[in-house]
Amino acid sequence: MVFSLFNYWVVIVLMMAGFYTVIASGNLVKKIVGLNIFQTSVFIMYISVGKVIGGTAPIVAANTELYSNPLPHVLILTAIVVGVATTALGLSLIMRIRQAYGTVEESEILDISTREDEAG
Amino acid sequence: MTAMLAVATIALLAVMLMALIRALSGPTVFDRILAVNMFGTKTVLLIAVYGFLTGRPDFLDLSIFYALINFIGVIAVLKFVERVGENDEAEKS
Amino acid sequence: MIQDHLAALQVVLPLLAAPLCFLLARQRLLAWLLTTLVSWGCLAISLALWWQVRDGDVIHYAFGGWDAPWGIEYVVDRLNVLVLVIVSGIAAITFPAARCSVEKEVPEDRQGLLYTALLLCLAGLLGITITGDAFNLFVLLEISSLSSYTLISLGRDRRALTASFQYLVMGTIGATFILIGVGILYMLTGTLNMADLAVRLPALGESRAMQTAFGFLIIGVGLKLAMFPLHLWLPNAYAYAPSIVSAFMAATATKVAVYVMVRYLFTIFGPAFSFTEMHVQLLFIPVGLIAVVFTSIVALFQHDIKRMLAYSSVAQIGYMLVGIGLVNVSGLTAALLHVFNHALMKGALFLALGATCYRIGAPLIDNLRGLGKQMPWTMAAFVGGGLSLIGVPLTAGFISKWYLILAAVERGWWPVVVIVVISSLIAVIYIWRVVEAAYLQERPDDAATVTEAPLALLVPTWILVLANFWFGVNPGALTALAGDAASVLFGGYTW
Amino acid sequence: MLSMTAIAVVRLRSLFGVVMLFGIYSLLSALIFVVLDAIDVAFTEAAVGAGVSTVFMLATLVSTGREEKPSRYSPLLPLGVVVVTGAALVWGTLDMPHFGDPGNPVHVHVADRYVQVSPTEVGIPNMVTSVLASYRGYDTMGEVIVIFTALVGVLSLLTIRGHVTVPRHRTTGPDSRPYPVLQVMAMLLIPFILVFALYVQFHGDFGPGGGFQAGVIFASAIILYALTFGLNDAVALVPVWLIRVLAAAGVLIYGGTGVVSMLRGANYLDYDVLAHDPVHGQHYGILIIELGVGITVATVMIGIFFAFVSRAEGSR
Amino acid sequence: MLVIDIVSGLLLLAGSILGLSGAWGLLKFPDFYARVHAASITDTLCAACFVAALMLQASFSLVAVKLLMVLLLLWLTSPTSGHALVKAAHRSGLRAVTWTPPADGGRS
């Protein structure tokens, strides 16, 4: 009983590690890494849902009857692509931010923009 | 035979774990790269062995691909490590 | 033949126009022309769809010829056709105005890319509205989000970059939460089709996993619609984006998210689960009310008028949440009406502001002094939109607030009524600050003399302002549509 | 191991270490995908996570610096949020279907048709490909558009500079030559990689692979070239205008297929009408759209990489 | 058949031992250059053993060809990246603990 839910708990630990990195880290690059970990853990959740014990990869082969579920695989393929698109965009934003502010630490950027806001 | 394959799988996993420890502990960037490289090659082998273990060895494309990615990854890391080193120096001077 | 494919074309048209526009990116004029024509085409299609579903029919369109739940389907009913019309309508009005303002605010070599991103954003928003598949919704959501991050980052100020990044991080967290929620639902039912989900979920009975999924979906969508404590990305994003982008996004993006929320609450989970089992109204009413009061007060203290309007947007979303949280037909009608009307008024206000920026640069309140005489039409349009935002009778804003108050009275929740009235009074104050600066103060001597904004900007602005008054005077057709949609949603209706 | 890596990522301050660990993390999760029978996904995750994303992150680090500064905010609030979210999830999992049980709703409702009928209905043995390209072909089109949007976004933020004149900080001497061994190796490997990309592209119907994976492999060949021979040579090989045209062309090929089926009287993206009988039509349709996917993905990845490296080179 | 099985089993065993010893070296050796030594030398032979073992299992088929490609790739890439790695490390001024720099310094 406990073991059969084990997959979810591993995923949750990963998910929380990623999530924590995103919201607690002050460095923008690290935030993006955290986002990636967060997303990857969700991917693992989907894929583990699609697994059938005793099944095999969903490509037709002789002398196999039981296949794992192909649908989660398809969804996650799409989600991975979405993830890399977001990562690329986020990283290029970081490069521009570094150029404009000279730093990629959230707190330092915050200081600079607060000063700008006060200056109008 | 399956037993041998299983032993090999476990050995590979152990190797990967050790490489991972080295990657985590550093101390220099190059140590990490080395560990990552080793980790990658062992992953390639692991996938090959695992394919035989589960009786569907037609997924070797994946290992070929991993070997490639691993190589390109290491080269990329090296190149960029050098660049950053230069940038740091440039900033200091 | 073509009328059978309208549902698909609604999204595919802008989606395929985007790469064409990308190829034309170097010819700025052509790219703009293509964007404008496509937005008009989208409006025509959505009006045609309205015509097709006006009697309560529901259109199903199966992609690839695979019937749902195996394939992906698009579904059009009276609820989402309302959102389709407003999104494509706002696009059809703001895109033509884009050229003028973009020429001034965005570097030449980026303009073609901006038009491409606008098309992609439009396609994504329309797609979110029209799709009948929970995972397809996630994909389209990401199309619209990625393009809006791009659009925001094209603003002149460097703070646009940080605003965009902040939005990217929060938006991606929101999208991932939605992904988790959809994943759990899929795990429980084995289907991704919304209609199929709606049939299978109630059969599960009480399930903690389903409640978790519900929580994740609410928070995920809440991030996207800037529900009160999760709204932090919105003010900066709208304040530093190029004017035309602020106008388009403020009028459409959060509205689509509100629609998604309604769709999940009512169609997929069903009102019985959402309100009787999960008591989501206990979340929405306080959050909505705090948002209304708190952000209205914050808006009072802004120097930058774009930021002020952005905070006011968060407050308006609060009204919609309250409307949903009242859990009766008139409350939901009010929320749907406000989705439509708020798009009209915020579109008008941001466009008027865009016209102002065209002449004076940064829209700080000090820069507006004395502009009433120099840019009379622009300022008059701003006042018109402002009246609607306050909810003065004979404007569209009045109608939705009126229904909201009726719904609260029907429930006997007088404090809600009081708070709605108070926050309208606060709105009077912040609009008055602008009016005071523009009309009652003298133009400083050192300020450059400016002239009226170009017609290309004024005409779209005035179309929206007049629409505000038109729907304020003749609300009949619209309230009927929203009312029908609301009562159908409460009737335990499934697709 | 996976959790260990993830937690180490959270703790580590050296950003290079973080990025490299992320590469390992990705490889590990790809391994898990293999164990869970998701070969196609493992392929993609390795290509994207361990390959492309890591390279992008590294390129970013070049221009942003490698150390993280300690945060001055207390970690308690985020920690609280995270714990609450995690607790909610754990609470929810207690009701969830058990791992790997063939009787789970996931396996008996929609997926049964994909598993049982698709090999005859669509006519290709790789079920992932048939669901991806046919049943849920519209999602995949959305995915191509997302990638395309990323290109639009990156190009609007960064410019690709074809000819960067690199200021030399390095001292001259025998050490400063580029790696000759690497260049020879790259010349040996690149043709092989390109052939392999074509194999993955067209073999996707029968084995793991398809347009997306092939696109990334193709792009990785060009990335390898750029890494060993420098950006200028690579941009000369794949000029910027070509990237723009091909990226848009790939999307148009995909969308155009749908328009063709619409013109032939079927629904959008219905491949049945593309040939005389449905199974052939499906086959052609899937080949064409996979080609579109491959073209777009390859060019977008190359374009983004060039843009990143241009910025990194320009920053010094 | 039996002979092939035994041979391939032995090869797997040898590969595992080689791999483990390499990893042990990676963990325990005192400095970077020694670790490179441990890792890259075992790498090639270990890979060879594994692949040979699997090829014996696969007999002649597409699978065997693919295995051969894996082996070739590993043989090509692994020493190359090892070489590049050491060169980069050397250039960046990393020194072995057992080695004292010459009087003129490495970098000038």
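Details
Read from first to last, the chains carry the letters A, B, C, D and E; within each, the first residue is number 1.
Quick note on the criterion: contacts are C-beta pairs under 8 Å (C-beta built on N, C-alpha and C of every residue); 3 or more make two chains touch, one makes a residue touch a chain.
On a predicted model such as this, the values are computed, not experimentally measured, just so you know.
Ranked by distance of CA centroids from chain D, the top chain is C. Two chain pairs are in question, D-E and C-D; the one with more C-beta pairs in contact is C-D.
Comparing the centres of all chains, each the average of its CA atoms, the largest separation from chain B belongs to C. Distance from the chain A centre to the chain E centre is 32 Å, each centre being the mean of its Cα atoms. Measuring from the averaged C-alpha position of chain A to that of chain D gives a distance of 13 Å.
Chain A and chain C have centres, each the mean of its CA atoms, that are 27 Å apart. In terms of their C-alpha centroids, the spacing between chain B and chain C amounts to 47 Å.
Residues of chain E found to touch two or more other chains are 77, 80, 84, 91.
Annotation for chain B: residues 33, 58-59, 61, 64, 68, 70-71, 75, 81 touch two or more other chains.
The residues of chain C that reach two or more other chains are 135, 139, 142, 146, 149-150, 153, 180, 186-187, 192, listed in rising order. Chains that are in contact with each other form these pairs: A-B, A-C, A-D, B-D, B-E, C-D, D-E.
For chain B in complex with chain A, the touching residues are 54, 56, 58-59. Across the interface of their complex, chain B is touched by residues 5, 8-9, 12-13, 15-17, 19-20, 22-24, 26-27, 32, 35-36, 39, 43, 46-47, 50-51, 53-54, 57-58, 62-63, 66-67, 69-70, 73-74, 77-78, 80-82, 84-85, 88-89, 91-92, 94 of chain E. The touching residues of chain A, counted against chain C in their complex, run 15, 19, 22, 28, 31, 35, 38-39, 42, 45-46, 49, 71-72, 75, 78-79, 82, 85-86, 89-90, 93-94, 96-97, 100-101, 109, 113, 116, 120. Those residues of chain D whose C-beta lies close enough to touch chain A in the complex are 2-3, 6-7, 9-10, 15, 18-19, 22, 25-26, 29, 32-33, 36-41, 44-45, 48-49, 52-53, 56-57, 59-61, 63-65, 68-73, 75, 78-79, 81-83, 85-86, 89-90, 93-94, 96-102, 104, 106-107, 110-111, 114-115, 119, 125-128, 131-132, 136, 139-140, 142-143, 146-147, 149-150, 153-154, 157-158, 206-208, 212, 297, 304, 307-308, 311, 315. Residues 1, 4-5, 8, 14, 16-17, 20-21, 23-24, 27, 30-31, 34-35, 39, 42-43, 46-47, 50-51, 54-55, 58-59, 61-63, 65-66, 169-170, 182, 189, 193, 196, 199-200, 203, 207-209, 213, 217, 220, 223-224, 227-228, 312, 315-316 of chain D are the ones touching chain B in the complex.
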